[in-house]
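In what comes next, chain A is part of two complexes: it sits with chain B in the first one and with chain C in the second one.
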Partner chain A sequence: MTKLRSLVVPGWTKIIPGLVFCIVFAVIVMNIDHVLGKYHKADVASAAIPAIEERLVEATALGDVGSIDSAEKQLAKQQKALDNVDGTVGDAWPVATLLYQKFQFKYVAMLLVGGILIRNIFGLPEILKPGVAAARPLIKPGIIILGVHYVWSDVVRVGGTGMILAAVFIFGTAITVMWLSRKYGVSDGLGGIMGAGTGVCGVSAIIATAPVVGAKPRDMAYAIGTILLFGTAMLFIMPYLGQALGISEPQFGAWSALAILNTAQLIAAAEWYGEEARNTAVLINAARIMLIPLIVVFAVWFYGIKGEGKGIDFWATIRAKFPIFILGFFVLIILNSAGIAFLGGPKSAGTPFWAMDAVYKWFFAIGFAGIGLSISIEDMKKAGGTAFAIGSGAATAKMVIGLIVVLLLGTELLRVGGG
Partner chain B sequence: MSSESEPEDKATGLSSAKREDIWALIIAGIVMLLSIAAPEAVYNLFKKVLYIF
Partner chain C sequence: MDGEPHTDEAMHWALDLALGLGVALNLVHIRDPYLKQFSTEIYAQGREEYLEHVQRCLEEKAQMARASFESAVKECVEGRRDVKELDWKFDVLDGDPAEQLAALIKRGEYSMLVLGRRRRTRIAALKPRDVAEKLSSLRSSVPILVVPETARDETSTNG
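Let's look at the complex of A and B:
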């Protein structure tokens, strides 16, 4: 009963104004995204319809039933896109295509950039801050619900590959950063949280590791500043870098899951890049965050047992730091894989999983609004010193090596088939 | 992605990250129950009604 009561924090009503603000912000942006997307599709359809009609005429003349059927389906789809904006063939909406396709100005970018601008130009009133902080973790129910997109074979193939990659990258980065920090005289507290932060999951790993390595509040500010600065930069740079390099969506998803340190930021980058990228990123990230408790245990071993002789309760640490929400994600994958008829699937109209598939994006949008509004340039200025150089150097190395690895692995091993 | 560094609740052992995780499970559970009870209504709300334009 005490545990149940503790789910509601005292003064929870303080989150209402900020949460409502994030919801309104998300609704406005999702509508702008919807309108832009609608006109972009119509612009593409307007240009594509004459060519499809030509193909249909040729196929009809040849009596090629397969080609006729395919052309008719394409024509119906494109005509629907045009009808959605009451357009006709020959109409053009180049601005929508420029913004939506060329500049990738989708809801993720609008929420993040808009949030950062609001926060840093106009400032965020104190009354909104608790709710904005509470909006960020709403990405978690979105991740759980996204479980309806996967089947068990995806988890074994993509998740298995991801787990191996994540383990190598996490421990490789963490060990390197902790070792370099010690070598260059950075305090154990700061070196420990920087190693955990650059290795695993950014801010959550820093918070989880801080008490066990005895990090000071100033150390936490340095480490969090570094993680935020690097994560925010990568969030905006990587999608454009990915496009410039021409890497596939599944490869980008894997790359972002390995290179970006924060769950919300990597999902934002992958969602920005495309649906397939997001599906791969979420699965590899699920494998990655399950390793958080192990990195905490490692940090204690590295600094505790080797350094000051602190003891550790292995299972208590695992229990305390395990991200239990990810179990919900796996339960949905199991249900989806079991082929339970009445639950259906994301593409079976009228079924529960089809309905759930319509919801997750809204949780993401509210969470992204919270992230954008939380990014304070003042906080990032707190990054600095030798630890910053080591942390950002290791994170950059991880990004470059991650890119090489996903390019070597290819697309198919990282593609989520879904069910 | 975790929350602010709120200290762990000594009486319950619930950290803010754990609290967030439990709420995420509760919210996802509610969405699932609603989707089982009225899939069409949930779909229409999130795919049509909320898109005002």
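Let's look at the complex of A and C:
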């Protein structure tokens, strides 16, 4: 009984109102996204059908069986999109296309922007705060489920490339920031958390490193504010910048995984950009977050930190700071790579992996609702001091160098095939 | 008070006023749990260790604030021939500083509130309102004395 009781999180009832709020918010937004997407597809179909019909007539006259077959399939697909909204050829829904395609106003953007507006205009009642905070980690099960999209060849090629890039970027940033901080007389505490925060995954790395380097509360507030400020700014700037520069989805996924300072924001930006971007970003991010314990150990070594009389235990630190949930992601990759017929795949309807893939978006949606509702402009305004100078330098450098690197690598090396 | 220069200046003003007027002085240190909320960051590892670190920092700061206040009281009382002792109290509260001080004002147990105010830079307009600003906008019958960060230096320079 005691063991059972220990499984219950103390004060779990406090999270219910906020969690329910996030679920309702996610359901509303996912439905708006669905309707907007449906009308956008119908708008595209309405314009495309006459041209396909013309091609079909030409192919029939020429007796080109292959072209007839292809045109008929396309026609059926477009007609279905039009039928979904009870439309006919000639109908137009330009607003849906403008919002959905031009402004990329998809569920990620709606949840984040909507959440930010609710939080910062109307405020979040105290009763909702614990649940909103609890909703954010629901991205984790979503990431684990995404393991069904990968096979080992992806892990070796994209993940291997990503691991090398992540290691170079993480240690490059951390070493540069810590070295410059020491050179210019910044305290070890602030230098350590900014090195880890700008290097690995923002606030998560600050949480892991702060106790080890003995960061002071004021420095932590400045550092967290700075990371949130730049992470949020990059979340909204990079997808539009990527589109303007014509970057492919796999390249964008790699770029966001290397450049965006905070993990939640990088997953959101990649999901927003497209499915292929998300697949690449999640895999490279998996490689990146596994380096958190190493960066903590590096900070311990760099600042010559000694534990209370017994020194810092290397393996204990690695164990304590390792993100165990990521192992679930790799277990699903192994199962997917094994090709077990019963498990199927994300595109094989009615199979377990298909069912899992169908729910990942809901975990993401509730998590993004929590993230949007947690982005407080007041928190970001706390950015300042030396942390701001370090953060702005590191963020700009990672964005520019990351862009150059992914452009040089090209799309194919970064594309997840999924078997 | 929290050991920052502006709150130190406010503490000295409050001490001078209390000694001059012969009234009791209540010093308040507020432990702001603001940083604790970030322990729920999605990939945060070592959450317990982080929360313990933040709590330890808050407690150390409260102890330092108390020690600094006791030493200032001793110094002030010893420096004045007309006063032998001061009736003082040091309280530690937990929560948002502006909310906690507003609650104290509402209780109406104090004749005056003395606050320090950090020096604001040119980009201050972009920053959140500070505690002094938030409290000044409250409807209250308790007078509030806001001591700017440089006030003490200028006062001493001006003689």
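Going forward, the second predicted complex is superposed on the first by the 404 of 419 C-alpha atoms of A that agree within 3 Å, B and C clash if a C-alpha of one lies under 4 Å from a C-alpha of the other, contacts with A are read in each partner's own complex, and residues count from 1 in each chain.
Methods note: a contact is a pair of C-beta atoms (placed from the backbone, for glycine too) under 8 Å apart; a residue touches a chain by one contact, two chains touch by 3 or more.
Computed from a prediction, not measured in an experiment: that's the story for all the values here.
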| item | value |
| --- | --- |
| Touched partner set for A:133, first chain B, second chain C, both or neither | both |
| Chain B versus chain C as contact partner of A:351, first or second or both or neither | first |
| Partner chain(s) touched by A:323 [first = chain B, second = chain C, both, neither] | both |
| Which of chain B and chain C A:251 touches, first, second, both or neither | neither |
| Partner chain in contact with A:263 - chain B first, chain C second, else both or neither | both |
| Chain B versus chain C as contact partner of A:378, first or second or both or neither | second |
| Which superposed partner A:280 touches (first chain B, second chain C, both, neither) | neither |
| Touched partner set for A:145, first chain B, second chain C, both or neither | first |
| Partner contacting more residues of chain A (chain B vs chain C) | B |
| Touching partner for A:97 - first (chain B), second (chain C), both, neither | neither |
| Doubly contacted chain A residues - partners chain C and chain B | 133-134, 136-137, 139-140, 201-204, 207-208, 210, 220, 263-264, 320, 323 |
| Touch list for chain B against partner chain A, complex | 1-5, 9, 11-15, 17-25, 27-29, 31-32, 34-36, 38-40, 42-43, 46-47, 50-53 |
| In the complex, chain A residues that touch chain C | 129, 133-134, 136-137, 139-140, 201-204, 206-208, 210-211, 214-217, 220-221, 224, 263-264, 289, 292-293, 320-323, 367, 378, 381-382, 384 |
| Parts of chain C lying in touch with chain A, wherever the complex brings them together | 34-35, 37-47, 49-50, 52-54, 57-58, 61, 126-128 |
| Of chain A, residues touching chain B in the complex | 2-3, 6-7, 9, 27, 30-31, 34-35, 133-134, 136-141, 143-145, 201-204, 207-208, 210, 220, 262-264, 320, 323-325, 327-328, 332, 343, 350-356, 358-359, 361-363 |
